[in-house]
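Heads up, there are several structures right after this.
Shared between the two complexes below is chain A, which pairs with chain B and chain C, respectively.
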Partner chain A sequence: MRTRLQKWTLLLGAVAFLALPLVSRAQLSNEQIKTWLNTPAATSHIGNITGHAPDAKYDYRRYCVGCHGELGDGNGENAKWYDPPMFPKPRDFQLAVFKCRSTPSGTLPTDQDLFDTIARGMDRSTMPQWSTFTKEQRANLVAWIKHFSPRWQTEKPGTPITIPPEPEVTPERIKAGREVFARVSCWKCHGVQGMANGPSAATLTDDLGRPIEAFNFTTGARPKCGDTDQDIYRIFMTGLDGTPMPSFADNIKPDEAWDLVFYLRTFMPQHSKERELAKQLNLKPVDPNAPAGQQ
Partner chain B sequence: MHVMSRLRIRGFATFAPSLSAISLILLFLVMAWSQRANALPAFARKYGLRCSACHESWPMLNYFGQKFKDNGYQLMNDRDAPIWQNPGYWPVTFRILPIWHRVSTGKVLVDTYTAGSTTPTGSAVQRVTTSGFDLSGLDFHTGGTLEKNFSFYVLPSSDPTGAFHFETVMARLDNLWGSPWLNVKLGKFELDNLLSEKRILTLTGNGGIYQLYHFIPQGDGNIFGQMGDNQLGLEVMGHNYNDRTRYSASLLSSNDGTTQLPYGNAYTGFFTASQAFDTGKAGVQRVGGYAMVGEAPTTWITQTGPSGSLPLPGGGTGNKAFSREGFVGQFYFGEHADLQVVTQHGQDSAWFGQGYGDLIDGVATANNTTGTTLPAGARPPIWNGILLEPHYIYSPQLIFIGRFETIRMQQQSTPGTPQSFGNITTYTVAMRYNPFMTSRAGFAWHNEYNWLHQDGTGPTLGLNSANVNTSEFLTGFDFDF
Partner chain C sequence: MKERSTKNRYNFAAVLSAVVLLCCGALLLNPNVNAAGEGKISGTVKLSGTAPHMRGIDMSKDPYCAKIHASDPAHMENVVAGSGGGLEYVVLYISEGLTGGALTAVPSDEPVFDQKGCMYTPHVLAMDVNQKFKVTTSDQTTHNIHPNPNPMTGNIPWNQSQPPGAAPIEKSWKAPEMIPVQCNIHPWMHGYFSVVKGPYATTDASGAYTINNVPPGSYTVTAWQEEYGTQTAKVTVAAGGAGSADFTFKGK
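After this line comes the complex of A and B, so read on.
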């Protein structure tokens, strides 16, 4: 026969056990989650997949929160150990400013842009390639990322830029690309040989005042936002928001942009065809002191 | 004896219901006390990732962790080489477990005494139960990259007395010619088992291993087919960009990982292939297979000394064949549940089945010298087994583990031997709770119960059945730093 005390103790124990999931939820909740999590903006659309932010909560906690933080502000417990420029700080999702976009500078990226970034990772940082996720997982995480900033509630993503078909690489195009490289002063940060040692390189900081490095084309490293020809084209035509790398969409015509892609590839050891053509042309580095149009 | 029965005997019967409720409350408080899960030592310190990024529950890898391992402990983000690390970074983790456990073994043959006699006068069978505080051995895990695409792992491991051996020593050339399809590993390493025994989530004597990976039929002298043991050899493995497709092929010395060539000139091959499929919300499902095909010695050059005629180390010849092959499945049901499946069909040469094989360690009882013939009707022992291991992951810090394994003899080596002789069935349930984890250390409160049943291996003494049941309960702190 159980005493009343035993019965009450049992009841209390059972209630406490059943309340467990609620307590766990309370640990993860915050005002932002309550406000935005179930709004239309907290979804993503990748092809025929719709991502839902609430479905990403578990994955975000398991994989992302250590760097990006519970509030998506880039202040996870590991963030303080990252020392820019060698290890860039994690992205602050509350600002909704993203480097890798297909959209014009200053606009929000598309869902596809964020989706691709998760799988591609960010070279020269601690952001891994999360290519192991299913597409649904990634789509859910895109939606989760969007719920951190009110920008997604009030703005729409920019319209992706149009990239014309890639022409055949020729010696003439490489030479023309060299002219573009000099004209828009890529060398000031990236150096005349693409070694990230231009006169401005040492002074570069991001929008938050943290030191940042120009991309060194000569090490074999992949550009952060992708290493296909289209990716390189996109990088300098959209710019990398939040960094000193501007958009050159107003300064470089689409056809010239392909010339510049071909010239940049002459610096990159993984592109032997362009390097070989540059060698045959006996192409010299641009001369920073040459008058305009006389490279 | 059941724990609750013991409490009743000691006069706590009226307190027992309250004890259940208090346990529930304690469990609630412990779970509510959850802090954020952080990274674990060594690799976690290097990359700043939480332990949960790579581990379903430490130390078991999840898919991302498997990819990281397959890449040669690299994230492939151009910050993998140690030159990018603070010079003070030292990629080492120490792991040890203080525990309390209770082990109970049934049908142990013991001596009996008559009153007034100090010498045994007979034998009896009884259950022997032991409990107390204990320690595991100490593992020093050190691994990582020597340079981009050059990785290593060294694991000196001790038994509970502090006697060390090298559990793992290997170097690996990663992504040869820029391709993830070609990686070469040399040394002593864990075989490429998708369900890794070295990363097992359970710790008891019988539940802390996969029986399937170590099964040897009763009376069989072949120790060389234990795919759960780290082996010495060369492995070539490859995978695609996102690790959906992977393969491996290893050439191993048939010496069960023992150094200094104690056995003979024999080799074993171990092959795996698997394919993963994206199944939307359910997760990524993986199916694959493995095959271990090898030869090992059954004949030994002997030398007569003060202790009689003994086999000469390294003097093994008369190689005979053995094989193990099976299916591996890793099935995920959303974020919280998964099921790991391994099957095995195993076969040893009849020579092993008749007790020829590892004479060096005294496992085998006979030496297949010139002129030896097998007993009439001797056959290769054949068996089949399955391992099912479900997990429920409440959160990255709390996991519930279950396991069912059974191995059934299909054919005994000696005709007339009961078909079920040596069959094994075992159940394991466990809970691992990590109240905290930081990028400097890890800690888990581990609780586990294992029950193992083996057919026909106990003493008979006129009993109807000589089956043996063994059980163990363990609770302890699994920590690394």
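After this line comes the complex of A and C, so read on.
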């Protein structure tokens, strides 16, 4: 005969066991999050616009909560239908780890970074371009996003990297970019022709262990964090936090970075000067087995 | 009225000097501040039963890595047990009983985490909270160093590349946590940054360890192994003395 205590222990144990798979990294309560709603950290500054978190409440409820969830943890009611890597899971704002940043790996993004991401959307995911919002609405939503994580209360965003003015595209620069592509081993994941079929591509996972794909340059898709030359420069210099894409800021000099941007453009099917020049140069893909510096 | 305020001032001065004296005294007498009287805790960590099979690693994805291990294939290092049953890469630290300076002091040496032969050397790198450590590469192939802590602890994940010849990366962690670290380019490369508060040690190939700089006191020592979790033991260290604690993990 079991005592009442034993029965309760069993029951609670069973409940705890069943709840285990639901536990994610972020476990903040609604009460805890509410305390950050009116803090100075839960504001945003975009140019001369100041965003206030409480003013985004209804927009978030109407447009964002379905995926990002009431607690901002990315567990909205639609989230369970998204199967990575085809459809990445919604961002968990409680962790405050963001892909698209102008700041170094391991630091918080700037308000402008989040503001741009909302308007740009996330290509190859269910995050649409919210360019229909007014700038004030977006600024308020940035502030709202910042009230979900304790990190914004204690940390400052990183210092954005400096992007020097874009130089003229030349055949020499494209060839130099090909050397950089080989030297820092972009091809290990992205493939020698930018087709995301490098030797390490198949085993990639994100920080929560979910499968993720390297960017395929050849499909005409837009890179996740923007498709201007400056965006591409920023992507590989700061890395996409939470994903296997590391930061190369310490290992690619600013001038070389522009060479690499031009070389990456030669993979992309959109018409470009880089693509024309690559054709004239009859550029071959890099040789994975060539010794360093002998491409 | 005037007389009273002078008296107050005297009182204030007396209290102030008492506080200053007490503070100086506390600093001088505090047994946890450095040097004299510090002891150590040592012992061995063993594995009982048969050690689990550690798979050989197929490095054919990267010919550079495969060539290094051509005659002597590398194996996974999740459980490394020596012939005498000694368990390597177990992290030992004091989980209870530390106070004051012993808890907050940060060692000035910088442990090094090297990437060598497409493996992490050592497989587990223990360090104190806020202690600086270095990530280096001895390889002629590009690695990315991608520690994956839980940001809710205060440790923020980062991911940096390190091509051949790149400068060491110097970092530190803010909170105690066993942080898995991996290379996405070489998915078999997997290790840990074991961040703990206070003095620590990692077992060598024979399973032996020594935690140095332990002030006298009664402590709970925790042994952590990535597959088997934690075990604890109570240890008392006399001034300048040595405590000991042995641990045995059961093979699965």
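Note that the second predicted complex is superposed on the first by the 263 of 295 C-alpha atoms of A that agree within 3 Å, B and C clash if a C-alpha of one lies under 4 Å from a C-alpha of the other, contacts with A are read in each partner's own complex, and residues count from 1 in each chain.
Convention: a contact is a pair of C-beta atoms (placed from the backbone, for glycine too) under 8 Å apart; a residue touches a chain by one contact, two chains touch by 3 or more.
The structure displayed is predicted, hence computed values, not measured ones.
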Is A:S200 in contact with chain B, with chain C, with both, or with neither (first, second, both, neither)?
-> second
Figure out whether A:E77 sits in contact with chain B (first) or chain C (second), or with both, or with neither.
-> first
Would you check which partner chain A:V65 touches, where first means chain B only, second means chain C only, and both and neither mean what they say?
-> first
So, does A:E213 touch the first partner chain B, the second partner chain C, both, or neither?
-> neither
Which partner, once the models are overlaid, touches more of chain A's residues, chain C or chain B?
-> B
Would you check which partner chain A:D227 touches, where first means chain B only, second means chain C only, and both and neither mean what they say?
-> neither
Could you say whether A:G121 touches chain B, chain C, both of them, or neither, answering first, second, both or neither?
-> first
Which parts of chain A are in contact with chain B and also with chain C?
-> 27
Which chain A residues qualify as touching chain C in the complex?
-> 25-28, 94-97, 105-107, 149-151, 155, 183-185, 188-189, 199-200, 203-205, 207, 239, 241-248, 250-251, 289, 292
Chain C residues touching chain A - in the complex, by the definition given at the top = 61-63, 140-142, 144-146, 148, 150-152, 156-164, 166-167, 169, 184-187
What part of chain B is in contact with chain A in the complex they form?
-> 17-18, 20-25, 27-29, 31-32, 34, 36-39, 47-50, 52-53, 63-64, 67-68, 75-79, 84, 241-243, 278-281, 283-284, 335-336, 395-396, 438-439
In the complex with chain B, residue positions of chain A that touch it | 2, 5-6, 9-14, 16-17, 19-20, 23-24, 27, 55, 58-59, 61-63, 65-67, 70, 77-78, 81-82, 86-87, 119, 121-137, 221-222
